[in-house]
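Look at the two complexes coming up: subunit A is in both, with subunit B in one and subunit C in the other.
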Partner chain A sequence: MQSRRVLSISRVLNRLMLYLAAIFIALYILIPIYLIAVLALSPREVISQYPKPFIPQDLTLDTMRFFLNSYGILDSVKNSILVAMITLLIALIIGAPAGYALARYIFPAKDTYRLMVLTTRAFPVVILSIPLITTYIRWGIDDTVSGVAFMHTAMALPTTILVTSSIFIAVSKDLEEAAMTMGCSRFEAFRRVALPLALPGLAASAIFTFVLSWNEVFAAAILTVRNQTLPARLIVQLNQSPLHFRFAGGFFILIPAIIFMFFVRRYLFSLWGIKLK
Partner chain B sequence: MSPKRVRSLEPYLLLAPSLIYLIVFFAVPMVRAFSLAFRAEESTWTMEYFQRMVNDANFWPALRTTLILVVTIIPLQFILALVMALIVTAGLRGSGLLIYFYALPIAVSDLAAGIVWFSIFTERGYLNTFLQSLGLIEKPFIYLQYGSPWAILAVILAEVWRATSIIFVILVAGLQGIPKEYNEAAEVFGATYLKRLWVVTLPMLKPSIQVALILRTILAFQVFAVVLALTGDGVKVLASEAYAWYARWRNLNISAAFAALILVISLTTTVIYLRSLRSQEVTLG
Partner chain C sequence: MAEIRIENVRKEFGKVIAVKDVNLEIPDGEYIVLLGPSGCGKTTLLRCIAGLEQVDAGRVFFDGKDITDLPVRRRPISMVFQSYAVFPHMKVFDNIAFGLRMQRKPSDEVKKRVQSSSEMLHIEDLLDRYPAQLSGGQRQRVAVARAIAYDAEVLLMDEPLSNLDALLRLEMRAELKRLLNNLGTTVVYVTHDQVEALSLGNRIAVMRQGEFLQVDTPIRVYDFPAAHFVGSFIGNPPMNFLAAQVVENATALLVEGATLPIKPDLSAALKQGEQKVVWLGIRSENIEPQSFASNDVLPARVIVVEPLGSHNLITVRLGETVVKVNAHPDLELQMEQEIWLKLNISKVRLMDKESGNAIG
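The block that comes next holds the complex of A and B.
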């Protein structure tokens, strides 16, 4: 025990270093977010000013209002929300049953299927929007909100399947079986017992899908011409736009992401910490 | 049909929709990418589009920049993510808040990240303001100029800022799965912190590292919006060329040739990762 006391000074120093490193990295992450917020909430004159103030002079929503009232922006925001809602619905409707099957059943093709889903996760999905253009023209859904949503669903589906599977594994099988011995059908047992218990996790998964779709640029820009989502619209006109428009746009895309992140923080590790096993 | 037979069909019925969806949106477009890139009108094979892609003035700069970005960003992100993961699992006060902050950029779009860092690196931006207030420069310096190495550095910083979080989360999940006893045993035998990290923690983390490495590298080959938002047309990458060939020049075939190239590079990298990390395991065992 004495050696521990001798060590204590170096231990305190180590801790101090650790705290410093922790704070330094946190600042690296937080300062840029702070700066874009300051810019987006400043009046136009301050945004083009140099040197730039690090502390907000007078806060205003004028710049954000200007951005949202710019031609076509509000429509693209509506498109973005619509695409994200369609995406999360299809991903959940198709993905959750597969996740449930992986969690509850033992069947021969299970490992093959799981491996296939894992492989698709490590795949440059976005790039596939380029060949999809011709398919969409044939199907008559080129330049549509649903076309983008279908692509986003393909991107979100593998994660949805794996995440919902881990959510259903966490919901005890015994409760469902108990309900079935009391006369519930398999589906009823699922609906009345497993589903309510899995709901918070499913909601987290849906929110994650929403953010993924809301943020996606490449496929949305490739697959649309007039019915653009917000990121697609921004990437097209960004370099011809004034500074205050760009910063307001950047901040506007950023806000929902940060809010959503706050809600799913408890599910962070079940959403992303999936191992190859 | 007997009830038992119905039951054994259930999982397949539940899996079928997702399987069909993945075939329609993965397998079919993948084949289609190659046929668009390599097929001529009369259904014969052609190298014409591929050659035009390679002979384009922007091709080699785009390929080179993409590779530079991948080989600089990935190692930086891994070191930073490992440090972050070790910090939050060291039992500091406020770890919960730190995890939230560190994971925050996961939800940040690459476009937003590009715009955020543009505010820092633009000529009348925050970096010049800061350096000038310290007296290090006398007038604003132009970082995001066409062909400037500073522009690539800005992209690296923005990408490390945005996409380290996902590796961090995967590594933290991995660290939480390592039984404490291993590290404690090594400590009893007098292993230093770094030694324990090298001999116990990192080998145990290998499955997580493998997943994170594959995910991040594939995404890095598709780097797009960060570059465009940050540098305009100043820096070319493969994905931005694929985009420009279709969006600007309406040439789907050459755009598809770029897509096929990115697919091949990505898949090759994944195979190399899986092989090299596995063979290492054999030599260790």
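The block that comes next holds the complex of A and C.
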């Protein structure tokens, strides 16, 4: 009896510590985001105040409008979207079949392959940057939208492959086999049964790729000079810009990531085997 | 509506031989059950017939036509999966119509066939629902209706009832039997449940480690198991096995000190062999417990008495062996009570002690 009570107290304590840690980490990330959001939506005078108000006084879109109308920003937004779309498409076209194969087939060195897929991310882009640029220049794809998209595809593929494989694992193999016993070829069984069932997950994976490309700074910055994506432009401009421009830029680049991540978190968790109801 | 012939079919998964060069002929319209413990290769063999697995050796024939190299979709089969494999993104109607639409049947025929097969399984009111809105039993009915609507020549069923609860399984079993008898389709049915096998099959093929041990009618498999394993796998409780010594001229057996005469045909078979000790197999219902000693009876001690309504299942110790016996419910028995067992000699089955194969 005694030992059981002690056990349950230590368990409660464990839980408490866990939640405290979780709250701390969440606040650590959320407070800066909140401040950026508040200040990006405040008038210019408020932004230069010190100390800055924690609770917004009068909200305005002037700051955001100023940012979007600045020279080159809209162009780079356009580039960013283009790069992200191309990345998303290529990553899905290459990654989803690989994920499907990992989910359905047993083949030699399958585990090694899975590991190799991950290790491609073990090399920081910083180390690769010089050979990357020289290669790009030699191929003539430096400073192009598609060049950045190729790089982003390479960075996104590991997650695309692993996420799509977990999506296809969730679609029972029996379903495809049942379709095959009723007159479907392998491909038809995939198209009529597995694909529709995997579609929400594939969409989530695509959105994740989009966000990854949208947020990526380093490769985009070193590979482009004039055709910059938004993060690449901001990293150059922000240090020389007025405070309100920085907040607006920071906020603008955050929005899609936050919105999309909220919708696709379920699928990203499933990559680690956690199931949300 | 097809005769199936399996010739020397072999299937390996790496080092494991799942199906070991088996031969089987299934006449047109037969309902055959592949029965065995998990991992015995029964599902693999079924999948080889379906074409979902490529055989490593051997041929499969439908109506004398070699279909070994045909892809799944060209084989005249339909299949019910253990998991039902009902398509979750389609309504029940579209599930049942799926195969018919793949065959490009005109839509009024599709409608008619869906209607008739859903009526056969009493799910005609559910056609508008999604599988997620159905219970497990209803989903299972959809799976069967879908397989029947496809109107294949061979119906393959992979443990279709194993995910149902006990009561539903009983109900569905009887319904399946009635339904499939009426259809006259050739059915290959896989199960690990011996009761299901006995109740459904025209014939049962008992499998172990990728091989057939016995292929025969349910009654023969039950009464005359061809091997020790078959007797101990089929029946509830399984067959009892006692070590028995063969006496000099093989006219009788010595069991736990008692001498039991045996039938002349068994005696003749024993004379041919060289066995000194054999397994004596006998089912619990063929042993009569009595409270007094007499000729040719074996003394035993009661360990457990389980009243089952129609009879009492008693567990007794006979020497070193534990034996299950059916007793009349009126027979009053106490724990540790000494009783005598009278074996019905005509129902005795003898097995070789080494190979486990039946003698005679």
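The working rule: the second predicted complex is superposed on the first by the 232 of 277 C-alpha atoms of A that agree within 3 Å, B and C clash if a C-alpha of one lies under 4 Å from a C-alpha of the other, contacts with A are read in each partner's own complex, and residues count from 1 in each chain.
The definition used in the following text is that a contact is a pair of C-beta atoms (placed from the backbone, for glycine too) under 8 Å apart; a residue touches a chain by one contact, two chains touch by 3 or more.
Bear in mind that the values here come from a model prediction, so they are computed numbers and not experimental data.
Of the two partner chains placed around the shared chain by superposition, subunit C is the only one that A:G183 touches, whereas subunit B remains out of contact.
Contacts of A:Y19 after superposition on the shared chain: subunit B is touched, whereas subunit C is not. By the touch criterion defined above, A:G249 lies against subunit B but remains apart from subunit C after alignment on the C-alpha atoms of chain A.
By the touch criterion stated above, A:P51 is placed in contact with subunit B alone, subunit C being left untouched.
By the touch criterion defined above, A:L175 lies against subunit C but remains apart from subunit B after alignment on the C-alpha atoms of chain A.
Subunit A has more of its residues touched by B than by the other of subunit B and subunit C.
In the superposition on chain A, A:W139 makes contact with neither subunit B nor subunit C. Looking at the shared chain after the overlay, A:F263 reaches neither subunit B nor subunit C.
Residues 50, 52, 71-73, 77-79, 81-83, 85, 87-89, 98-99, 102-103, 146, 150, 156 of subunit C touch subunit A in their complex.
Within the complex formed with subunit B, the subunit A residues making contact are 15, 18-19, 21-22, 25-26, 28-30, 32-33, 35-36, 39, 48-52, 54, 93-95, 97-98, 100-101, 104-105, 107, 109-110, 113, 116-117, 120-128, 130-135, 150-151, 153-154, 157-158, 161, 186, 211, 214-218, 221-222, 231, 234-236, 238-239, 243, 246-247, 249-251, 253-254, 257-258, 260-262, 265, 268-269, 272-277. Of all the residues in subunit B, the ones that touch subunit A in their complex are 8, 10-12, 14-15, 17-19, 21-22, 25-26, 28-30, 32-33, 36, 80, 83-84, 87-88, 90, 92, 98-112, 114-120, 122, 124-126, 128-129, 132-133, 140, 161, 166, 169-170, 172-174, 176-177, 207-208, 210-211, 214-215, 218-219, 221-222, 224-225, 228-229, 232-233, 239, 242-243, 246-247, 252, 255-256, 258-259, 262-263, 266, 270. Those residues of subunit A that touch subunit C in the shared complex are 172, 174-175, 177-185, 188, 193, 196-197.
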